[in-house]
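Please go over the structures that come below.
In what follows, subunit A forms one complex with subunit B and a second complex with subunit C.
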Partner chain A sequence: MKRKYLITVMRILAPVLAIVLSAFISSIVILAIGKSPWQVFYTIFRFSLSRLDSVAIILYNATPLIFSGLAVSLGFRMGLFNIGVEGQYLIGAFFAALAGFTLKGLPAVIHLPLVILCGALGGMLWSFIPIYLKVKRGVHEVISTIMLNYISYSLIHYLIADVFMDRTQKLLDGLGSMLARTPKLPPSALMPKLHGLLGLFGIELPRHVYLNWFFPLGLLMAGLTYYLLMYTPFGFELRAVGQNQEAARTAGIKPERVYMVGFLLSGAVAGLVGLSDLLSYFGYMDLDFPRNYGFDGIAVALIGQNNPFGIIVSAMLFGFLKRGAEGIQTLLNVPMDTIVILQAVMIMSIVVITKVMNDYIKRLEKKEDVRVCSSQNSSLQV
Partner chain B sequence: MFLSELLASSLRMAVPILLTALGAVFTERAGVVNIGLEGMMIVGSFWGALGSYYYGPYFGLLLAMAAGMFLALIHAVNTVTFRVDQIVSGVAINILAYGSCRFLSQAIFKMATTSPHVAGLPKIDIPVLAGIEFLKPLVSGVSPIIILALLLVPLTRFVINRTVFGLRLRSVGENPLAADTLGINVFRMKYAGVLLSGMLAGLSGAYLALEHTGMYVEGMTQGQGFIALAAMIFGNWEPAGALWAALLFGFSEALSFRVVEGGAIPYQFIKMIPYVLTLAVLAGVVRKSTPPAADGIPYERGMK
Partner chain C sequence: MKVRKILAVGLIFLLVAALLVGCSKQEQQPQQQQQQGQQAPETEKLKVGLVFDVGGRGDLSFNDSAYAGLERAAEDFADKIEVEYREPSGGGQDREQLLRLLAENGYDLIFGVGFLFTEHIQKVSQEFPDVKFGLIDGFIDGLDENSNVTCLLFKEHEGSFLVGAAAAMKSKTGKIGFVGGMKTPLIERFEVGYMAGAKYVNPNIEILSDYIGTTGEAFKDPVKGKELALKQFKAGADVVYHASGASGVGVIEAAAAEKKLAIGVDSDQSLTAKEDQRPYILTSMLKSVDVSVYETIKSLVEGNFKGGYSVFGLAENGVSYAVNDYNKELISDIQPKLDELKDKIIKGEIKVPVDKKEYQEFEKSLFK
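Then we have the complex of A and B:
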């Protein structure tokens, strides 16, 4: 009983402590370049939260991170480390773009879901390689997914710049050179913004905000993931394998099958990471397509304690920091990379704090066991 | 001439991979997986350029190695003392390196992505050989770090296989419990392995900035820390193996620049070679590789 209570407290306390600790360490960094940490943090809050469109941008920033955090956490839950979300989402985005610009004349109700499905399929396909190698050949998924990330960078570069490059681009006044990008996606493949819905509630967002329906879709995905993990037999198997693979095997669960299905699911969710950017902001895929969402997802999953709802909160935290970073760079001339340092320190402190707390609980338990044992002994002697 | 120039360029490309791969051999033989090597190369390139900018190339090299070791120290504290997941710590190290270098570059050079031009070490002509016309690209105007890196291969091999330190390092990576029972300080050996890897990765980053490019450019490591890990695996956790793998990967790098005009194979596919080969090796398609038995497992006293 006591243990359960302690674990709950710890799960909430650990991220909070990690955030405080990393804010402290970043303050030192800010002081080192002769700026005031108080002013920096104040500006981050003011710049991010004082205006409605800014809040909407935070939610837009958080959207890919929700998917990415969920994808990474699915791996963590079964004891696998999916560093390959990075490559999986790029391949997924490319598949979606391909389905977007090759299929023409479809109504949006068919085209858009098809494009999203292709994104998931692309991510799944790219996650199949490492998990096949792991299950069949015993290759550690960390090394194979790192290698596949780099392979995907080159592959995407080749596909965008050589094979599917849009050669019909119009250049302004015939000046400049053509961009290495795919053809533009037709409107039927694009995700509508949330402006219409929010307008019903009297919230008017300016046009430069790209908050779209992928955000509610991300929330829905978190709910689905929670349901899958907690209320389905497969979710139970997945968690069992993650906690103790050998014990799960003894209980009749095949870890290899769970790894295969779970990792493919993780890859499918990863395939959706880039779609919010692709189907609303860009409308095509080019060489500057955003990178690093996969690595950000690792931080999001860890700070969110691999809990789908925790991931929503931590994705919003990172979306907020990203927005605030723009503020401190423009207003205070403090490099926006302060936030990247903050993020790195946050990852380290959360894992160290969790570890120390876990060890502490284990020690408490041992003490309790000893006490229980000795009291039983004494009662036997009587 | 084309051939010897291609070989010379392969060698120049192979050196940063080789140095970091030798570092990777030290840390992995001690049982600590270090995917933060990429980040340690990044700080090496930045601090190397910074040091050289203010106080000359030798100071740059020292600063680069110190910066690499500093990140390695953080990794060691995380993974050896606190026993957190080695991959998570490595990922965080990489993010920290990327962020801190951008931050400092912005604060010091007023540009987030590049430094001004910095001085490198004086180049060396190898006597006698430099006179032969065919070998000229290979042996004239050579960076001293290239020679150092090549000398480090037999040296690392000697240290790991023939010295007491090397024996202890390997025993800690294979069976820490047994090593602990024999009175070896497991934690100290693991710290030594990780710190050595940070030092070599820092040196490798400095090579990129001072010798290869003459300035710090953001992203100049281009994932070579990961390629170095691949080279170490490809070379079966042995220094000599790492050398051949690094040369092979350097060759494919050098080739990828030269086939742009040829166009038979898109150069992006040639860039994939190191990664695809590593996957093939790990999958046992090319040949079997065996990591140290306790690689990646944190050691805790009183655990079986």
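Then we have the complex of A and C:
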């Protein structure tokens, strides 16, 4: 009994401990640059949580990371490390943009779903190469996806800055600089913002917030992923392969088939990562298009422990850190480099503490099981 | 077990203590803010903010030039303005948020350094009609004198033309090089101007051209800058011009190592280079971002800020080539020719191409 109680306490204590540890290390960093740690933390929380636009921006920031975390976790669940989400989402976003600006005159009801579908298709296409190589030729997916990330960077650059660049942008006698970007997407391809829906509940979001329907879509996607993993035969196979490929094979599951389908699914979800930004904030794809969502997704998936709902929470944590960073940067003039260090410290503390605590909890649980078993045994003997 | 329990209890205690300390300080916070609030109206200084481009402060080039203008204004108008600067930690929305937050916090004039700010300033300037914005290198259509945005534009191709001519005249091998940062139309204009200038004085010159990368990182990658410059030197080039922000530090290093010549960009890079590298910097293409920033702040202080477009070319002394104590002797023999070319450009006798298409026509006209 006592142990069970301890386990619950530990579970609750883990995130709290992580925050305390990261606050402690961060304080040293902040003191080192001559600012008051208290003021910095106070500003982070006040700025991020007391303003309506900040809260909405946190959710907006979290949106791509939910998709990205889910895509990475699908890989992890079957024992594959999809580092290639980075490239997959860029290619996906480009496909979506392409479908957006080339098809004109379609009604939004058809155009928008088509654009989203193209995004998923693009991501899937880019994930097909590594998984084909893996299944047919045994090429390790880590190597091939990393390399494909580099290829995607340059390919996207070529497509945006050379082939599809919008050269109709006005300049003053050739002065100034055109943005290296695709033509703008027509309104029928853009994702509506959540302002209308929230307005019904009396929440008036400021105009400069771009929180859009991809956020609820992300939550839905998390739910679907959970359902797929836990309640479908394929989800069972996927988890079985992830835990022990050979055992799964012996049980009659074909790991190759699971890898192929699972990885393509992961790629399709990855293809949606960039769409929230593309179809609401930007409305075009340019060279300044956000990067690193794919890599952040790995951290999001790990912190969320590959659980779709855990991923939602950790994506929001990342969104919160990003917004808080903007706050302390503008209001307290904390340098950008320090902020990067602070974010890394916080993420690392969380990863380390949750890992240590989880191991400890597991050990406790094992002991508890042993105790229960032995007491059952002894009662049987009696 | 016992040790762990004690540890856990200890941690909880620590946590509670931290919370208590936190809460008690929270009460002090509003007082501090009130004090700050009381101080603010007394001084009533104009607040000037500046948000950097990729590469950030310390690139010894583009961003530092903007910073120099900001700093000079802060000194000259010390009793009238206070200045702040920010570096975006990410792309896209982060940039826009920084602009917006500065505007919200009562800044009167905000600069966006670099054309990547074009869309962001366009959006934010509409939300804050009372705040003035300065956009360097970007063009927003449809502005006039009453707009709250002023676009500061430079004729980089004219300045690049002169250093291109200088490179061609100084080259003994008949090969010169160009190292660009991120491959964008803006950097291509540097390249085109440079090539045109070189071809103008020596139609047979061969120009090697490389770009560092395809992302903003290309402006802060001195290692790759050095690699590319070394490659060009090995291929026979003996003068290399760079337009790559902080990556150019590597180009200058390569020139010093190979005992060949480098041409700096945006700021006078002879002044910021290391002592032993200075003899290897032929000149720098000066883009007076500092002047444009300074003049814009000055107009605000004097109450005659105008929206619209300010163009800085050779005629306006907005671009030029650097002459300083370190390159005086090196460059003195070609200076008369350079000044002659400068005159011709200002008078309109030479029309410097602005893009690849115009360059091809320009090249054809040379061979006629």
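Please note the rule applied: the second predicted complex is superposed on the first by the 308 of 382 C-alpha atoms of A that agree within 3 Å, B and C clash if a C-alpha of one lies under 4 Å from a C-alpha of the other, contacts with A are read in each partner's own complex, and residues count from 1 in each chain.
Keep in mind that, in the parts below, a contact is a pair of C-beta atoms (placed from the backbone, for glycine too) under 8 Å apart; a residue touches a chain by one contact, two chains touch by 3 or more.
This is a predicted model, so every value here is computed, not measured.
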item	value
Superposition-derived comparison: subunit B or subunit C, residues of subunit A touched	C
Partner chain in contact with A:348 - subunit B first, subunit C second, else both or neither	first
First (subunit B), second (subunit C), both or neither touched by A:81	first
Subunit B versus subunit C as contact partner of A:38, first or second or both or neither	second
Touched partner set for A:331, first subunit B, second subunit C, both or neither	second
First, second, both or neither for A:177, with subunit B first and subunit C second	second
Partner chain(s) touched by A:144 [first = subunit B, second = subunit C, both, neither]	first
Contacts of A:157 with subunit B and subunit C, given as first, second, both or neither	both
Subunit B versus subunit C as contact partner of A:322, first or second or both or neither	second
Contacts on subunit A seen with subunit B and repeated with subunit C across the two complexes	154, 157-158, 335, 339-340
In the complex with subunit C, residue positions of subunit A that touch it	9-10, 13, 16-17, 20, 23, 38, 42, 57, 153-154, 156-158, 161, 170-180, 207-208, 210, 277, 281-282, 287-291, 322, 325-327, 329-331, 333, 335-336, 339-340
Complex contact set, residues of subunit C against subunit A	8, 11-12, 14-15, 18, 22, 25-26, 29, 56, 84, 86-94, 96-98, 100-102, 105, 115-116, 118-119, 123-124, 127, 137-139, 141, 151, 153-155, 182-186, 189, 214-216, 309, 311, 354-355, 358
Residues on subunit A engaged by subunit B in the complex (per definition of touch)	29, 33, 81, 83, 133, 137, 139-140, 142-144, 146-148, 150-151, 154-155, 157-158, 162, 295, 298-299, 302, 335, 337-341, 343-345, 347-348, 351-352, 355-356
Subunit A-facing residues of subunit B, complex	33, 35, 74, 78, 82-85, 87-89, 91-96, 98-100, 102-103, 106-107, 112, 223, 226, 229-230, 233, 266, 268-269, 271-272, 275-276, 278-279, 282-284
